[in-house]
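By written order: A, B, C, D, E and F. Residues from 1 in each chain.
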Amino acid sequence: MPMVKMIDYAEAAPAVRAVYDDIMATRKIDWINNFWKVIAHHPPTLKRTWESVKEVMAPGVLDPLVKEMLYVAVSVTNGCGYCIASHTAGARKAGMTEAMFGELMAVVGMANETNRLANGFQVPIDPAFMD
Amino acid sequence: MPMVKMIDYAEAAPAVRAVYDDIMATRKIDWINNFWKVIAHHPPTLKRTWESVKEVMAPGVLDPLVKEMLYVAVSVTNGCGYCIASHTAGARKAGMTEAMFGELMAVVGMANETNRLANGFQVPIDPAFMD
Amino acid sequence: MPMVKMIDYAEAAPAVRAVYDDIMATRKIDWINNFWKVIAHHPPTLKRTWESVKEVMAPGVLDPLVKEMLYVAVSVTNGCGYCIASHTAGARKAGMTEAMFGELMAVVGMANETNRLANGFQVPIDPAFMD
Amino acid sequence: MPMVKMIDYAEAAPAVRAVYDDIMATRKIDWINNFWKVIAHHPPTLKRTWESVKEVMAPGVLDPLVKEMLYVAVSVTNGCGYCIASHTAGARKAGMTEAMFGELMAVVGMANETNRLANGFQVPIDPAFMD
Amino acid sequence: MPMVKMIDYAEAAPAVRAVYDDIMATRKIDWINNFWKVIAHHPPTLKRTWESVKEVMAPGVLDPLVKEMLYVAVSVTNGCGYCIASHTAGARKAGMTEAMFGELMAVVGMANETNRLANGFQVPIDPAFMD
Amino acid sequence: MPMVKMIDYAEAAPAVRAVYDDIMATRKIDWINNFWKVIAHHPPTLKRTWESVKEVMAPGVLDPLVKEMLYVAVSVTNGCGYCIASHTAGARKAGMTEAMFGELMAVVGMANETNRLANGFQVPIDPAFMD
């Protein structure tokens, strides 16, 4: 259950509605997912977060599918159920196949393992990596 | 300082040396980075970890550069200094430009932020993401 | 579902009941929340944890509302659903308004982002911060 | 050692210099700390991050000292050494005494402990916290 | 809800079925828990993960009960609900009593607290710990 | 560098000195490690933390070596360098051999990997684990 009431389009104040309109236009969809309807509770956070996400996730030197998979990798590492669900959906929409999802999970799992081996043994950084 | 003595090639037992040889052959390099020299302290962990990393990081439906960037994303999220250094080096070797590194960092930072907004507001998963 | 049976006041042993009584007296409430009823399964952990929480959360040079918001910040960062719910309730009871909750979330989200940018770029600490 | 070259004011491009100028003007200081000089490597990340931090950390319904302490609480939980150093310095500048720092650490430590007790026992959320 | 369809024994391909058979033979059980039925979606991950877990969790110089409790300690620290449930069940099967579970939780909670005190105060490592 | 000045025995106030004396007597050692000398900066945190650690780490139904290894498992998962160093030293003193350390690391690494696979695939808990 969310910590605050979700704000639907119909009841949204104009400033919130403007963000919702931009989300739908940018993503070419006709609905707003719960993340935005919840953080709309604090309009400056809604606006700033959306503008940041929009800029960061736009196609750049990395393509949108890679960006969505990076988002999933972070969300899985942090254990954020909502973000895993929403960004896996986003990655699939951007073209991630089931085999790609499998490899993504394999890399994320492995990285979490070797991160701890490096921590546990307190491995010193090789000079070659510091050039 | 590492928790255990690092094992150089010259002093390595045959089973450890066999793994070192495979690492250098697979990666087409002539040296062993500290991570392996430290976990060689426990030979079964060295062998199993190397074989797993070799399998997981091999080219598949995801290309090696994407895999290295996913590794960096996890390592940055966990704050593993050694892994950030070694996999950033790996990603650069696989073709990551400075602009790509910048976008990678931007996505990782943003994902860590929205993961916490989703946690903090306890956003319920949209039915559309559960199909 | 909890990992162990919760212990209600009526069935609690005297040592557990004494802690429950102190919780209700200290907080001026007439019920015990699930956290205590679950850890009561291990009475030394119940007693030690309660005494520590009581001491740490008592008014000091930081006021109780600030302490509750700090608790929420940690719980959101760790993704602990129970703790987010209980300490957000605690913060509201101590006077946190909806606007304050919004700013709290904004700071927690931002800190999680810049923590990863500092990790990812391995920013060296400025001498000025080490005085 | 940072992953990228730090960019000093003298060598900064105009867009980067504009952000540096705004940081110094906003904070009424005459130097730029390493965090910004490192992320300046990716100018859009520098600009977006600074504008977000500036907005989020501005005085609002929470005062600047409370915001700095929340930032420290998150940074300590995540183990980000740079952020602990810089935001503890920020909190002290905003008025945090040594006794306040001690209480802050006590709350952060305690929250991290009870977060894990709630996880480990899988405590169900009380209906009273869901109103 | 899982991100992918779970694969039951009856519908499993021969390679997946071979892993399921080995899991049941090794553990002397006649069913497969959901973890394996979900990751079976990506057969190389299923096979590699099972072979690694089988090797790591086999009796060695640490006994199986200690290994299960270590697994629980990590899972509680990371807040992984599935892993807490499955490895607490595993530890109980290996002989963990309720009193042992209570002490395990107490240690895990305490370690998470002092980890953050060490982070927050940035405690320098004693030379005596570096021998 | 620590965030605060470390307090040596010679300059410690009587309340701090009493805790130091108890640490040395309980552990049968003649020196105080940095953790305590740093948190002594906030005497109530020093006293409460020591009394909690002393109670939690005392021999109980789990032996001291197992408790030290659990502490290491948590510290490695969280990436706390100080705690890894101090509790690995503690575990060695309590009898941990190099082979045991190797198996400990292997379990911690593996658990961190499967925790993320369980997160990423959002594996539903088996009813058998909820009894």
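Operating definition for what follows: a contact is a pair of C-beta atoms (placed from the backbone, for glycine too) under 8 Å apart; a residue touches a chain by one contact, two chains touch by 3 or more.
Since the model is a prediction, treat every value here as computed from it, not as a measurement.
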Chains touching both chain D and chain E: A, B, C, F
Furthest chain, CA centroid comparison against chain A: F
Between C-F and C-E, the pair joined by more C-beta contacts: C-E
Centroid-based (C-alpha) most distant chain relative to chain B: C
Rounded Å distance, chain C centre to chain D centre (Cα mean): 20
Centre distance in Å when chain A and chain C are each reduced to the mean of their C-alpha atoms: 27
Touching two or more other chains - residue numbers and ranges from chain D: 1, 3-4, 39, 41, 44-45, 48-49, 52, 56, 77-81, 84-85, 88, 99, 103-106, 108-110, 112-115, 117, 119-122, 130
Chain-level touch network, classified as line, ring, star, complete or other: complete
Interfacial residue positions of chain D with respect to chain C in the complex: 1-4, 31, 33-35, 38-39, 41, 45, 49, 52-53, 56-57, 60-62, 66-67, 69-71, 73-75, 77-78, 80-83, 85-89, 97, 99-100, 103-104, 106-108, 110-115, 117-126, 128-130
Interfacial residue positions of chain D with respect to chain E in the complex: 72, 76-77, 79, 81, 84-85, 104-105, 108-110, 112-117, 119-122
Of all residues in chain F, those that touch chain B in their complex: 79, 84-85, 88, 98-99, 101-103, 105-106, 109
In the complex with chain B, residue positions of chain E that touch it: 1, 44, 48, 52, 55-56, 130
Residues of chain E defined as touching chain A within the complex: 3-4, 39, 41-42, 44-45, 48-49, 78-80
